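Structures for review follow.
Each of the two complexes below includes subunit A, the first together with subunit B, the second together with subunit C.
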Partner chain A sequence: MTEVKHVNLFQRLFPSVISGILLGVIGAVAAAWLVAIWAPENYDAQVAAGYTAWALFFFIGIGAFNGVARWGIARRDATPTEELYLAGKDQGLWRYFRYTTDHKVVGMQYLATVLVMFFLGSMGAFMIRLEQSQPGAIFLNPSTYNTIVGMHGILMIAATIVMISGPFGNFVLPIMIGARDMAFPRLNALSYWLLFAAIPIFFSTLAFGGFPTGWTGYAPLAVQELTPGMDAYCFTIILFAISTTVAALNIVTTVLVFRARGMTWGRLPIFVWGVLFSVVLGLTAFPSFLMSQVMVVMDRVFQTSFFVASFGGSNWLYEHMFWFMGHPEVYVIALPAMAVAAEVTSVFARKPVFGYRMTIGSLAGISVLSVLVWGHHLYTSGSTAALNGPYMLDTELISIPTGVFFLGIIGTLWRGKIWMTVPLLFVAGMLVNFVVGGVTGIYLADLPTDEILHGGMFVTAHFHFTLVGSMVFGFFAGFYYWFPKMLGRRLNPALGRFHFWLFEIGFLGTFLALFYAGLQGEPRWSANVAPAYAVPNLIASLFAILIAASVFILVYNVVITLLRGERAIANEWGARTLEWMVPTPVPLENFEHLPEVKGLPYDYSPSSPNTDAIPVMVPATPHDYQPPESLKNDGGGGTIQETPLEN
Partner chain B sequence: MGTALEQMHEIDPHTRAVRARAGVLMLILSDALSVVAIMAAGGYLSALNTLNQYRLPKEHPPAFWPGLLLSIVLLLSGLAYYGWARSMLRSRADERRFFLWLAFLLMVLVLAGQIWIGVTLGYEQPFDAYVSLVLLFTWYSAIHFLLAVVIGLLVLGRALRGRMAGALYLVTTSGYWWYYTVVASLVMWVFITLLR
Partner chain C sequence: MSDEHIERNTDGIRPVRQEPRHLRRAVIIWALLSIIGIVAVIFLAPMVLPVAADDVDATANGTLVFFTVLAVPVALFVFVFLGYSVRVFRVKEQPTDGGTPLQPTPALQIGWLGVTGLLCLFLVIWGLFASYQQTVAAPSNTLVIQVTGQQWLWNFNYPQYSASTQGQTIELPVNRPVVFEVSSKDVLHGFSIRALGIRVDANPGQITSTTIVTPSRIGHYDVACVELCGLYHSYMWSAVDVVSGSAFNSWIVSQGGHL
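The block that comes next holds the complex of A and B.
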């Protein structure tokens, strides 16, 4: 057994997030001050210098460069003892505030961050609904309203991009493929802390006048905006894009190189496929978005003219660069959520995924087509009409693999032994919402109807149905499904159902009302509701109260479960994938001996060769599933002495 | 929690090599796409020529000869790295460290030269779209060189400590990034030289 490195209190505190923040703030203030001496009139330059220094010094302070320096300069590589310390061994909760490399710690950090982002983003949504609950200004002026809409939008988009590949892609995926850790544990920590470093930058926009562009940050408005709040948006996106790129290359390498013996491509769980396609898509789509923000910063700080028409720039350039990422980004969000749905459905229908290869093929088809459709966001921007036909066709084509995928889920449910747990309930909600989101998308994909509907509440309702109603529901399916493995406790299922029904009813009421408002002609981006649209907006705002209530139910459920929830067993749902075969809490390197995989993880037949491994875990009928006493107490099926947060 | 599972397992050398190769290639793919994105942006702005203001008559292209000289030095840096990597892989010993030093010093020279080119471009604010592109390509190349210098420093440090011979895959994978820096920067230089 590897000896654990012992450290004193000072070594525990430095490096950590505390030293990172301290050094980052000092660096940011010093850099902004120095630039202010050199260019006193250029506030954008001062803010940009501050943000750059914050990121650089934060990473020095948290110890991100220690491993790099050791790699190149030290006389030897880190010893196993030092690696163990870096992985957070015996550091309790403090390891979540350090540059810890264990993939499960990083997964938990992502999960906590995503939940906080969702909470803050949804608070922004309630402010929007409150402001729009009746005609005229209530408590926000138009500028503040625009900033809140933009902050809500980009916060939620960022949260949904990482909501599955961050928490579950880090915690669950390596175990699912039979790996001991991610391919690059230090890069794994880097990807999370880059996201963390972007958050203070993002919220600092409130101190610098906000940004009026909405989540898209459209130029030339982004360039013309006089307050430095827009710089916060640009730097947030730049850090976020680097974070997702680092995470993507890590996940892809992990799946390519660290699969267990026998884990062939044809035996990979659907979830792994979904995350893999998603991050590859992100890896190809995000560079153009990153460069678009670099160009905006250059336009603002150095007076270049990429997007200034009077000096030969063009807003179309921004639109192309943004939407080249912006549309695939929807599928970066969607693919893992859809894969979670397929995974959860198979477990709770006690049936193999219907058409495994067909399902993977459909995910691949969506990935390829999604990078060819960005032009449909420019239908009404005045670009050449010759492009409209091909973009319409491409966009329509995506509905084929998407339909095939959902056919696979229906096929999995068909004649299955349905165990209606909270995760499956969220999958059911996802199916219902996706039908509405998908069908309304066709109207926006077709130019004749898009000419009428674009820029209106119809669009708002459509993308909320796809992103929230479908993908966030997919996230919650995964959240309720993997929570017992990640936290070692069972969420209260009654509160889970309550959360689902409040969310689903509130969601349908809110956004169906906004569909109606959109069909009546209500535009987006209007702080004040016109009297003609007062009724649907009031209905939407009233139903939003249910969504708010569902958020608090979720928070209550999580808090109460962490404080005094029932302890979970190793294989809580009797599932077949590898993450359920390791003890709970999951040991530091997951497996004592790396597993050898003999088949797909979806065989629930009694004659399955895998059944011997977990003979009592798979009930004949899911309704009478009762974990045996032996598994609740001993260490054979699962070690349940403490929660993963405490070990 | 103190179970027997709580120990660090060594990763076998082959897996380490494949992992490093895959990671660097992925990084190159991502960066190459960002280079493609700005090249596409340049071509697009040039073709649009918005309000005939894309490039004002007074704006000159970046000086050709310094750029060419820098490209030759860059190429030599790549060749020097190749010479070192080849000797390392053949003899499995650090016999021709001179080549590594040469590759590194040439890259430092290229970085210094690129910064000099950047600060002496001689354009005046506000910059039109063409000049904006020249500035972007110039400084983006400089960032690539800076990254290559940092990597060169780390590789050199490791080699001086005698820690390269046991991990030859690092020579190869660091080389991927080195060669990519050379190729990407040459492509960007040719592009900006030809851009009208």
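The block that comes next holds the complex of A and C.
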């Protein structure tokens, strides 16, 4: 057993998020002030300098460079004691506020952040619905309205991009493949804290006049806008893109090299495949988004003119760079949610996934095809007429692997022993909404119908059906499914069902009404609803009350569960994947004995002996905690010595 | 298409079928609901869709209805099999044993890919054909209207009459082809007239011509901006009045035009 590093109170508090924020704010103010001396008129330059300094000094303050500095100055690696201290050993709740490398801590940080972002984003959505409930501008002035629409969009898009790969991809995925931690624990902490650092930048837009562009940030409007609120948008995206890239590389490497003995590619749980495809797709997509925002910042600060037509730039350049990220990105969101659905369905139908290879193939097909579909956002832009045909073909080809995915889920449910828990309920809701979202996607992908629907409320309703109705429902399936493992408590199932039904009914009512408004020709992004569309908008707003209620039910359920929920058992649902084989709460190193995997984790047949289903554990170091009760009788037979994996 | 679905599925799942004929029941429910759904779509669609003022919009509305008719059995397939499974195969407590382990047969997989692939290709060909139909040569009497977006209104110019409109409502003569040449002075705008099936971006520094349309129905229609263009995007509304030829002539003179 390794010694734990002893620290006094001061060392406990610093470095932590407190010192990070302190140093970051001081650095930001100093940098902005220095630039103000040199360029007093250029507010964009001052703000940009402030944001850059914030990011840099925040990471110095939180201790992100300590490892680098130790290696660079003292010429040594961290000792095991220091590594354990970095991983948050024996630090209680405080480890969640430090630059902690343990993948479970990072997963929990992501989960809390995603939930807060969802909450704030949904509050924005309710303000939008309030504004659109009656014709004319009633509650918000146009500037506030545009900013709220944009903030709602970015909060929700950012939250949905990380909602599964962040919390579950970090907490569950390494355990699922039988690893002790992620491949790059410090990069893991970096990816979370980059996301965290982007949030104050994002909300600072409110102090700098907001931004008028919506979540798409289209140039030249983004370049033209005179208030520095737009810079907040750009810097948020830049930090977020770096964060997802770091996280993606980490997850890819972890899955490539940290799989347990016997965890071949053909035995990898579908959830792992889904996250893997998603992050690889994100690696191709996000750099162009990052670059587009760097170019917007340059246009704003240094008066370059990438996007200004009167100086030789082009708005089409921005649109292509944006959508080259923007369309793969929805599949970055979709793939892990679909994989969660497959995983959850198999557990609660007590059946193997119907066509394991087939379902993985469908996810792979989607991720390959989706790289080249972005042009369908530009059908009406006047820029890509010659390629409209290929874009349309590729977009509609995606419906084939998506159909295969549906076959897999329906086949898994068929003749199963269906245990209708809250996670499965959310999967069922997801399937219903995803069908509607997918079918309406065909209308928008096809040239003649897109010509009357583009830029309208129909588009809004369509992507809410796919992103919220399908993927966020998939997230909630995962949330209710893994909550007992991650937090060690049982969420109240009755409140969970109530949450589901309020959400589903409210959701269907809201967005079916908006489909109708879109068919009539209502434009998007309109604070001033024309009288012709008043009725469907009012209906949508009334149904949105149900969604709002469901949000508060969820909050109540989570709070009450954390305060006095029942303790969950190690294998709450009787599932067969590895994360359910370790004790709850999960020990720091996950496994005392690294497992050896003998087959797919989907065999629920009573005839198959349990020893096959539950993986054999082989001894490995370190032995700093007791083996789980559930495993004492089964595994432990092997004697192969496993090299300890670095934490 | 629907028949193939049935056959393929039966092929795939037959080897493991036991007691009640769940598959047959589900397929019958699906087929019945599909027929009801398709009939409902055909009868309800005209009530839901807005009136079209020209052929382009009418074609687009027709495509919407047609796609919905195709979508009904596809969506119902998922709904029925999902609903049937959840109702019939449900257990009350945490199950102790597993369900029937099913795996898809190659025939089912190939059949499923074949059906969805054909459906998908059909939609692509339909879309290409429909958009190709719109590219017609300009007749000699085509009315040209230059549309320039700016924050936050539309400027309309009739070069053939040397007229620029003063207000935000323009007039079009009925049954005369018209083409809009759309551009922008500042940022991206989106020029759309739902009733004419026109929707094209107004790009700064570029002129984009719309499809040539022939308004065939006298009436008052909205012009909306469909790209977020800044502060007063929500207020960037204009209108077109499709009027008789003589009424148009007197209107264009009133706008300072020369016949």
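Following the convention adopted for this analysis, the second predicted complex is superposed on the first by the 606 of 647 C-alpha atoms of A that agree within 3 Å, B and C clash if a C-alpha of one lies under 4 Å from a C-alpha of the other, contacts with A are read in each partner's own complex, and residues count from 1 in each chain.
In the analysis below, contacts are C-beta pairs under 8 Å (C-beta built on N, C-alpha and C of every residue); 3 or more make two chains touch, one makes a residue touch a chain.
Here the structure is a predicted model, which is why all the values come from computation and not from measurement.
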Combined model on subunit A: subunit C and subunit B, fit or clash: fit
Which superposed partner A:Thr253 touches (first subunit B, second subunit C, both, neither): first
Contacts of A:Lys351 with subunit B and subunit C, given as first, second, both or neither: second
First, second, both or neither for A:Ser310, with subunit B first and subunit C second: both
Contacts of A:Arg524 with subunit B and subunit C, given as first, second, both or neither: second
Partner chain in contact with A:Val432 - subunit B first, subunit C second, else both or neither: second
Contacts of A:Tyr145 with subunit B and subunit C, given as first, second, both or neither: second
Which partner reaches more residues of subunit A (counting touched residues only), subunit B or subunit C: C
Partner chain in contact with A:Glu396 - subunit B first, subunit C second, else both or neither: second
Partner chain(s) touched by A:Leu407 [first = subunit B, second = subunit C, both, neither]: second
Partner chain(s) touched by A:Gln134 [first = subunit B, second = subunit C, both, neither]: neither
Distance of closest approach, subunit C and subunit B, by C-alpha atoms in Å: 7
Residues of subunit A contacting subunit B in one complex and subunit C in the other: 309-310, 314, 316
Subunit B contact footprint on subunit A (complex, rising order): 1-2, 68, 71-77, 80, 83-84, 87, 89, 180, 183-184, 187, 245, 248-250, 252-253, 256-258, 283-284, 286-288, 290-291, 294-295, 298-299, 302-306, 308-314, 316-317, 320-321, 324, 585, 587-592, 639, 641-642, 647
Subunit A residues touching subunit C - in the complex, by the definition given at the top: 137, 142-143, 145-146, 212-214, 216, 218, 220-221, 224-225, 309-310, 314-316, 349-352, 354-355, 358, 380-383, 388-389, 392-393, 396-397, 399-400, 403-404, 406-407, 410-411, 413-420, 428, 431-432, 435-436, 439, 442-443, 445-449, 451-452, 454-456, 516, 519-521, 523-528, 530, 532, 573-574, 603-606
Of subunit B, residues touching subunit A in the complex: 1, 3-10, 15, 18-19, 22-23, 26-27, 29-31, 33-34, 36-38, 41, 44-45, 48-55, 125-133, 135-136, 153-158, 161, 163
Of subunit C, residues touching subunit A in the complex: 13, 16, 22, 48-50, 56-57, 59-61, 63-64, 67, 71, 74-75, 78-79, 81-82, 85-86, 89-91, 93-104, 108-109, 112-113, 116-117, 119-120, 123-124, 126-128, 130-131, 134, 182, 186-188, 190, 192, 194-195, 197-201, 203-206, 208, 211, 222, 224-235, 237
